[in-house]
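Down below are the structures I want you to see.
Here come two complexes built around chain A, the first alongside chain B, the second alongside chain C.
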Partner chain A sequence: MRTPPGVSEADFAAALGQFEAAIGKSWVFTSDEDVDLYKDAYSPFWGEAEERRASAALAPDTVEQVQAIARIANRYRIPLYTISTGRNLGYGGSAPAATGSVVLDLKRMNRVLEVNENNAYALVEPGVSYFDLYRHIQERGLKVWIDVPDPGWGSPIGNALDRGGGYTTHQFRNHFDSHCGMEVVLANGELLRTGMGAMPGSQAWQQYKTGYGPWIDGIFSQSNFGIVTKMGFWLMPQPDAYLTGTVLVPRHADLVPLVEVLNYLENSHVCNGMSDLSSPAMEQPAPPGAPPPAPEVVALINKAIAGNAGDLDAYGASKGLAAWSVTIKFYGPAKAIAAQWEYAKERFAAIPGTKFIDGELIRLPLTAEQRERLHKVEFGIPNLSIFSMGARNANNPTPTDGHQWFSPIIPRSGAAVFEANKVFAAAGRDFGLPVPPYSIPFCFWERSFLFLFGFPVTHDAAKNQATRTAFRKLVEIAAEHGWGEYRTAPAYQDLIMGTYSFNNHALLRFHETLKDAVDPNGILSPGRYGIWPKHLRGKHP
Partner chain B sequence: MRRDIVRLLAALGVSVAIMGPALADDAAAVKAGDAVFQKWCAPCHGHGPDKPGTIALQALYKGAKPAALEDRTDLTPDFLKLYVRHGVSVMPPFRKTEVSDADLAVLTAYLMRTKR
Partner chain C sequence: MVTRRDVVLGAMAVSALPAIAGAWVSPKPGSTLEGGSALYKVIYDERFPLSVAFGHEALRAGLAVHAIRGDMTDLWYDDLYPQWRRQPLAIAGLTAHGPLFCLERLSWDFGMRVATRDARPGELISWVIAPGTRA
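Right after this comes the complex of A and B.
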């Protein structure tokens, strides 16, 4: 059996005994067979000495049990690494950030405590998955939607605390932004409620986010300052209809005005869904499993990246392929969103040569046929179809063992997209890094673009080492240009935190000041998002 | 069938006692296993489009075996335990807070029901 770093075998045994007394022997996992289930299935260190491994796992069922665990852990200085459903694969899964930590598995705390249809909110525990919450709502026929990320087995709480996102409207697809109120077990076992929940007897915990005084909810995301045991979320009232419209522009340089109009429409909430950008002429982004563009197309792309897009534009014109396409999406009353699309067309028509494709107006709720045909997550329907990516299929006979993402935030402008592609193309060329011919930005977040570079994880250490080297190089190159990663697996959290270094790492130093104040023994998720307790600072692997 | 269920539970290291008296009944075990399958397996291994596990097994077996797990007649307790607890490719293992040993036992009963 592993022991946590700095903890004697005798103390660990004593702590485990007290954990068993607090939550029941069957929910304290110490055998190799059971603890191995907490490995990160997508670890980029798979099978190597640096792979993060737990020493034990605890699965409490109640808040009181979590409080008891925190008190015992403080007594014996046992590091606890909290997971909710442990399904943020590619971002660490159920493994700790620091080897030897005891995983605090909150999966059994899986109660949907309230769903309010009239005012559209929910209050849930950490072990509730998107599937669970969706099922709860559907079984009761409630006319509210949840916003889901690609894999539906994740936890609304865990995903929000990781600052993940989904696919419906602006207000809901940023999952941390859409939360309202938390309950948190602090390192000393004390219970805290934020927002209106801090007032005994409040009936508006999920109706007003900030309560009174400093709004501290943010410090419990991407961090290790507390154990979140309840969280409220605002839900989306079921809309009447959904509509898409596609805009096609003929020239590569048209991306600049295209993004300007798109920004106006999105920031005004004229279109409230997540827009999809693509380049038909460059055949990007390529669908999963698709072959790369022909060499002559890649040559045209490279000329465009270098600043000469004339030949690419001529190629597109000869093939009837637009330089850029953006599909914008609307949720709302059918008449209103039809009018909003007409208005959007007026704005985009200022770009010479623009063409439009009217999408299908979908009346909601979906029919069974529509549920199968349409992109489920855009309708708040949890599923796991994303795992087709990398898995074996007719076009991919050699499946991977997982994936990881480098996903920098890029300014929302055409010029920034051009500049970023110039930089990443050069990085690919100069360092042999696996970048696509052209990176098309994603519109997950309001006000910014997101680039996504996918890397396979394998069970071949040499391949994983090469991937990690490439990943780190891209992080460094991006940071040199002011483009920062928004979320990563523990393997890269110190690296990424190090790039947010303004004024001699003032932000990290503030995190550390907080850490020392609220968790002086450093028992909560040491190392998560680069925040280490004092006794491990500078000494961790 | 009852004897088969008890034998496979023993193979999985699960006593009938921990399943409770209701699940000691074959039909009840199969019904409970169906629920476990629908919750934990069907999103990837069910029938229909967009099921990554079914797509992967179709590509692997090319029709030599059914792609959907519920149509298989060759599954064994050891085989199911191996994949549930170890995963394969992009499929992760399942922890006991997700699929308990008792869940795995009834899941096995469900997926082996066609052997009756």
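Right after this comes the complex of A and C.
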């Protein structure tokens, strides 16, 4: 049996015995067969000594059991690594940040405590999956939507705490922003409620976010200051209709005004869905399994990246391909969103040569046929179809065994996209990373762009080592340009926290001050997002 | 298109299923699950001729089958989840890695494990997921 770092076998055995007394013997997992299930399926350290491994796992069923676990862990200084469903693949999965931690698996706490249709909110436990919440709503015929990530088998609480996102309107697709109220077990086992939940008998816990006094919810995300055992979420009232409209502009340089107009429309909430940016002329982003652009197109792309897009524009014109397109999306009353699209067209028409394609107006709810052909996540429908896209085919002869996301935030401007491509294309070449010919940013978040690079994880340690080295270089290069990652796997959490270094790492030092105050024995998820307890600071692997 | 080779290989894969599943789910080799069937469902993927042949052979052998096209969400949401909540029962398949990856992880929450996993021609894997040792 593995033991947590710094814990004697005798103490660990005593702690396990007390865990068994607290939650039942069958929910304390110590065999290799059971504990190995918590390995990260997409671990960038696959099969290497540094691969994160748990020493045991605990699966409590109630808040009281979580409190008991925290008290026992404090007594024996057992590090606990909390997961909800542990399915944030590409960002660490269920493996602990510090090898030897005991995984605190909350998936048995899977109760949907409330869904309020009238005021559109839900209160759930950590083990509730998007499928569970969706099923709860569908079975009761409630006219509210959830916002789901892709894939949708994770937990709304887990995803929100890791600051993940989805695909519907701006108000809901930032999952942490859409939460309202938390219940948290602190390291000493004490129970805390945030927002209006701090008032005994409050009738508005899920209706007003901040309550009174400092709003502390943020410190429980991407962190290790508490164990969240309940969380409220605002849901989206089922809209009447959905509409898309596509804007096409002819020149590479048109990205600058295109993004300016897009920003105005999104920031004004004229269009409220997640916009999709692409480049028909550059054939980017390529759909899964598509062949790469022809070498002559890649050559034109490289010239454009270097600052000369004239030939690429001429190529696009000769083929009838726009330099850029953006599909904007609207949810709301059919008449209103049709008018919003007309207004958007007026704004985009200021760019010379702009063309428009009217999308299909979808009356909601979806028909069975629409449900089959449309992108389900844009309609709040959880699914796992993304796992069927990596199949081997002529263009993908060697599917990988997973991926690790490199996901920097860059400014919402055309100039930033041009600059980022110059930097990332060069870095991709220099370090042998599979960077696409031209990287198109995503519009998940309001006000900023997100680049997402999925670098492969394989079962070949040498390849993984090379990818990790390149990944780290990329993080450093991005930081030199002021671009930081929004989220990452434990393998890179220290590195990336180190890039948020303003004023001699004042932010991390503040995190550490908090950590020492609220978790003096350092039992909660040591190392998560680069925050280490005092006794492991500077001594961890 | 399903070729003669697909049919032969599919039949071979099917012929091993009941024995494999029966041996895994019961301490008595050859015995069956409650309800008389060693397998709850056999899963095949319509995108692959060999998998289609496998599904057809399973049907001919009297097994309940379910076709997917890469995405196993509906199978999970409408069929397996309600069934496994009532009673975890074994399933088998000849699919690509993606659907197996999902089904394996989802089955863990019901105390189930992958009992067999064999690479087949192309990228296909024949597999059995069955109730494990932990409830």
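We take it that the second predicted complex is superposed on the first by the 530 of 541 C-alpha atoms of A that agree within 3 Å, B and C clash if a C-alpha of one lies under 4 Å from a C-alpha of the other, contacts with A are read in each partner's own complex, and residues count from 1 in each chain.
The rule we apply is simple: contacts are C-beta pairs under 8 Å (C-beta built on N, C-alpha and C of every residue); 3 or more make two chains touch, one makes a residue touch a chain.
This structure is a prediction, so every number in the text was calculated from the model and none was measured.
Participant: Quick check on the chain A-based superposition: chain B and chain C, clash or fit?
Facilitator: clash
Participant: Figure out whether A:W153 sits in contact with chain B (first) or chain C (second), or with both, or with neither.
Facilitator: Both chain B and chain C are touched by A:W153.
Participant: After superposition on the shared chain, which partner residues are touched by A:P295: those of chain B (first), chain C (second), both, or neither?
Facilitator: In the superposition, A:P295 contacts neither chain B nor chain C.
Participant: Contact-wise, after the overlay, does A:P200 reach chain B, chain C, both or neither (first, second, both, neither)?
Facilitator: A:P200 contacts neither chain B nor chain C.
Participant: Tell me the contact category for A:F131 with respect to chain B and chain C: first, second, both or neither.
Facilitator: both
Participant: Once the structures are superposed on A, label A:Y38 by its partner contacts, choosing first (chain B), second (chain C), both or neither.
Facilitator: In the superposition, A:Y38 touches chain B alone.
Participant: So, A:N383: does it touch chain B (first), chain C (second), both, or neither?
Facilitator: Once the two structures are laid over each other on A, A:N383 reaches both partners.
Participant: Please name the chain, chain B or chain C, that touches the greater number of residues in chain A.
Facilitator: Partner touching more chain A residues in the overlay: B.
Participant: Considering only the touch criterion stated at the top, classify A:G213 as touching first (chain B), second (chain C), both, or neither.
Facilitator: In the superposition, A:G213 contacts neither chain B nor chain C.
Participant: Between chain B (first) and chain C (second), which, if any, makes contact with A:D105: first, second, both or neither?
Facilitator: After superposing on A, A:D105 lies in contact with chain B but is clear of chain C.
Participant: Return the residues of chain A at which the contacts from chain B and from chain C coincide.
Facilitator: 33-34, 37, 41, 87, 107, 131, 153, 383-385, 387-392, 399
Participant: Which chain A residues qualify as touching chain B in the complex?
Facilitator: My answer: residues 29, 33-34, 36-39, 41-42, 57, 59, 85-87, 89, 93-94, 105, 107-108, 127, 131, 152-153, 372, 376, 383-394, 396-397, 399-403.
Participant: Residue numbers of chain A touching chain C in their complex, please.
Facilitator: Interface residues on the chain A side: 26, 33-34, 37, 41, 87, 107, 131, 135, 151, 153, 382-385, 387-392, 399.
Participant: Mind pulling up the chain B residues that touch chain A in the complex?
Facilitator: Residues 39, 43-44, 48-53, 55-56, 58-60, 85, 87, 89-98 of chain B touch chain A in their complex.
Participant: For chain C, which residues count as touching chain A in their complex?
Facilitator: On the chain C side, the touching residues are 47, 69-73, 76-77, 81, 96-99, 101-102, 105-106, 108-109, 122-123, 133-135.
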